[in-house]
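Two complexes, one shared chain (chain A), two partners (chain B, chain C).
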Partner chain A sequence: MTPTQLDSKNPGSALAISGLSKVFNVGNPNEVTALSDVHLDVHTGEFISLIGPSGCGKSTLLRVIGDLTAFDSGSVQVAGKSPEEARKERLYGIAFQQAALFDWRTVTRNIELPLELAGWQKSQRQERSAELLDMVQLSDFAHHRPWELSGGMQQRVAIARSLAVDPPLLLMDEPFGALDEMTRERMQNELLKIRMETGKTIVFVTHSIPEAVYLSDRVVVMSPRPGRITAEIEVNLGDRNEMTRESDHFFRCVTSVREALRVHDTSNSTSSSHRGEI
Partner chain B sequence: MNTKLGYVWPPILVATIFLGGWQLLVVVQDLKPFLLPAPSLIASEFSSGATLMWGAAYYTATTAFLGLIFGTVLGLITALLAQRFITVDKLAAPLAAGLATVPIIALTPILNNMFNITSRTPRVLVTAIIVLFPIFVNVTRGLIQVNATQLELMRSLNATPRTTLRVLRIPNAIPFFFTGLKIAAPLAVIAALVAEYFGGPQQGLGSRIASAAANTAYGRAWAYVLAAIITGLIFYLAIIALERLVTPRTAQVTTTA
Partner chain C sequence: MSATRERIAKGSVSLLWALAGIALIAIMWELTKFVGTLIELPFNTSDQAMPHVWTMLSGFTVPEVRGSETTVFQAVVSAASYSFTLALGGFVIGVTVGLILAIVMQRFLFMERGLLPFVIASQTVPLIALAPLIVGIGNQISFGPVQWSTTYSVMFIAAYLAFFPLSIGALRGLHAPSPTSLELMRSYAASNNKVLWKLRFPSSIPYLVPALKVSAAASVVGTVVAEISTGVRGGIGRLMVEYARETTSQPAKVYVAVFGAIALGLVVAAVIAAVDVLLTRNLPKKGLT
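Up next, the complex of A and B:
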């Protein structure tokens, strides 16, 4: 399924950000410009990754989109609405690096949490959670407790939970960051499969170059001090299979992302050496 | 089976050596009962006065139980109020330390004057106040020390503070609540017992210990102490049983007091 097909089915802008800035600790000596003049447009059904070194503001950008933190200037529109409206209308689901499951709830009841808060009836909740468990292949673990599951399985539960109310937008903050490499690659394939099945727009934060390239239609490269977008790299891998990670095209994309990251890495080191001279 | 026996034997062995050593010391050194009665004397006083022991323990346990219930309810209410105002755990810790230094048991004579000294009321009140603090401190912590990511998740789900309290904070506080109860339950027995030293009805363990000691019946006094220990232990074990019942995952979760 290509983005254009999704466009024709569900046209429009999933996310429109322009001139976005955010400053932490305004007026303090340790004032940090987390985001500076960020412009980003994501169309419906697109999968984008935000990549960059620590402190480049990629997680902050995700939190602004989700209305988990405020911003200072610029405009952010999630499906044509303000982030606050989008959050209140449950237009996005979110998954974090920590699965953040509730230990006192079974797997099923963790997945049903967003449905409970959205006021779904019990029978509807059960139907939906069974569907989602099937999608993440955890039906056998429906009544287990989160701590009985492996890290990868917990993360699958968290993804199922983020999809619960069927929001058009999925925000993911390094969801596979704490997993081992083998599990991570398997999870990436599962996420792509879920994306194929659901046609969600996905904004994915990562600091892994191969992960960003493998998953995304477009990789958005960010750099720190101040946090800003420095490059956008289109990736057209088409349908992924076991050969994709070994293809020349994959390597070319990885190389161009790496170079985009390095350009600003060197500019950083020169600026810091400048500071050293002063 | 082997491992179960492995848990049972060491304490029995230690207790046997301890009691045997005690008995030996008293016999060999010919210690007088007012100094230290032999375990055999305490045991015979305990069994011969079993009915009295039971009655006294029942009275004191009732005071302790009422105080425990009352104090727990008060502790839970204050904790729920406090979590609305204390948002940082840093504030809870010094508060707990400060409260721990208040000599609540010293309030007993005052409460005896405020309320009817011939009734159980002042004792139940003192017990309740003593119970209130460990419950309050632990539950407040449990309500405040919530995983930051889980809080963000609740915000992303557009949860009101009240919903977050119900769905996240209260379940999060349950292991902390039991930590508090495990401190509070034996404390309730001690408080109910000591409160009897300040006058009032004489049928409880505290009154009996005091009068037995005053009448030079040292073996008997110690037998009442033994009854008090058993009462405290029963309270503690009851809480453990309740915890197992409510949270079957106990083995998996460790909380710090």
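Up next, the complex of A and C:
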């Protein structure tokens, strides 16, 4: 594991989590330990994926970071602040599997929603939303209603919205999970492009191994019961192009993530975490 | 533009169907009367009990009282418009109260738990029992020079019936946003009021529109019933009672009053339809309505 003693004032730290635990339904017969002793450090500008089977706590971890769920013990620091402070200061943007666009607003006005709530002036909002629409290549659809767009386009609007206030951190909870494979790969490329342009730190939850490998600098493998991090695999794909998905390096990374997942899938032993490096 | 034209075309088609429906009812009415002259039917089809359609229509033009200037038609129109004002007043009060209750119940769980049973119980009180009570209490109220009028009691009763469907519909609507949308608002650090205004209220519109329809109908029924049971003059409810007494001499007259009540209902329905178009103009055209 990376050292847990990380200076919270360190400007390079986007996210510092140590000894994080979260139990649902405490004291009830259906008590579930969603997260157990999770340590994770993410430096500014890094793209990490959380991957694991259903119930491994990857979404819970993301929600704890976003202060959408409380945690029981341990410490979580988002850019040196508590998750609550970070949320209130709008230091992160979030995108879910459902685009969750508001039907009664146009595409532009959906993107402007976080800006309205942050108290931006109308002219500034319009300028910013035009910029973001351009980034996700939906300028022609600015005044359409969300329900007139395809699933992939809706998700692009949702990503633009998550970037609206220009937060340093992006939290993404299986944003491409409901898309078909072709759209999904196109969206992955667009997300990488956006990341190149904006330099955001991104925490990306997925259960697709190729997706995690293709997008990330580091794949964080989690296992369920109790939810914990069991492996971290560094991926150094460099600049992606059409050949990346077919390269040996890509396949080796996919294989090592798959193996890391399998180890903890078959044996229920509480083997210690290991760190794979390629 | 073509959407508007399409809408108008659709509207005229449904208007034609509605007219055809009315014509069909008139034909069946006359047919029943005709059959009644041939064979014995289990109900009375005499001109006394079932006046001819044309007698009913001619009833519009006869003077209300022998020798008077105003026709029955004019009397019905003025009574219906008077009732409309009362119903509208009751509707506006009912909708306002219903909305406030829904917002309070949504915001505070203990309010929902504590208030909802009373809201539901309020509708189990029979109106006939309630009306004299409200008039009785109302008559004791005066704000300085402003004296309680029985017409306020009528509005109150209309509002009493109208608030219920609205508060239940609005409460469901305010609870309608998906957990994801609510989390999104939380991630934006949006205040409760912002969440209400920017998310909950717009999400509730598909639930609000049918609730408004039911409330509007309830306020009309409430007005007519309240007019009868409180004895307020000038409205369509009272007119129906008066005309019904004259059935022996002028059997068609009461039907004119009934037509007036129906017209009143249609006007209210049209108003709500306009509100519907206004509120749902930005929503996908499938809706729950």
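Convention: the second predicted complex is superposed on the first by the 256 of 278 C-alpha atoms of A that agree within 3 Å, B and C clash if a C-alpha of one lies under 4 Å from a C-alpha of the other, contacts with A are read in each partner's own complex, and residues count from 1 in each chain.
Everything below uses one rule, namely that a residue touches a chain if its C-beta (ideal position, glycine included) is under 8 Å from a C-beta of that chain, and two chains touch if they have at least 3 such contacts.
None of these values were measured; they are calculated from a predicted model.
> Sharing chain A, do chain B and chain C clash or fit in the superposition?
On the superposed model, which is not a single observed complex, chain B and chain C clash.
> So in the superposed three-chain picture, is A:113 touching just chain B, just chain C, both, or none of them (first/second/both/neither)?
So A:113 meets both chain B and chain C here.
> Just to be sure I read the superposition right, which of the two partners does A:104 touch: chain B = first, chain C = second, or both, or neither?
both
> So, A:96: does it touch chain B (first), chain C (second), both, or neither?
both
> Could you tell me if A:249 is touching chain B, chain C, both of them or neither one (first, second, both, neither)?
After superposition on chain A, A:249 lies in contact with neither partner.
> Which chain A residues come up in both lists, the one for chain B and the one for chain C?
On chain A, the overlap between the chain B and chain C contacts is residues 63, 66-68, 87-88, 90, 92-94, 96, 98, 100, 102-104, 113-114, 116-118, 145, 147.
> If we count contacts the way the header does, which residues on chain A are in touch with chain C in the complex?
63, 66-68, 87-90, 92-94, 96, 98, 100, 102-105, 113-114, 116-118, 145, 147
> List the residues on chain A that touch chain B in their complex, please.
That would be residues 63, 66-68, 87-88, 90, 92-94, 96, 98, 100, 102-104, 113-114, 116-118, 145, 147 of chain A.
> Could you list, by residue number, the parts of chain C that touch chain A in their complex?
Touching chain A: residues 178, 180-181, 183-190, 194, 198-199, 202, 205, 282-284 of chain C.
> If you look only at chain B, which of its residues touch chain A in the complex?
Touching chain A from chain B are residues 147, 149-150, 152-153, 155-159, 163, 167-168, 171, 174, 247, 249, 252-253.
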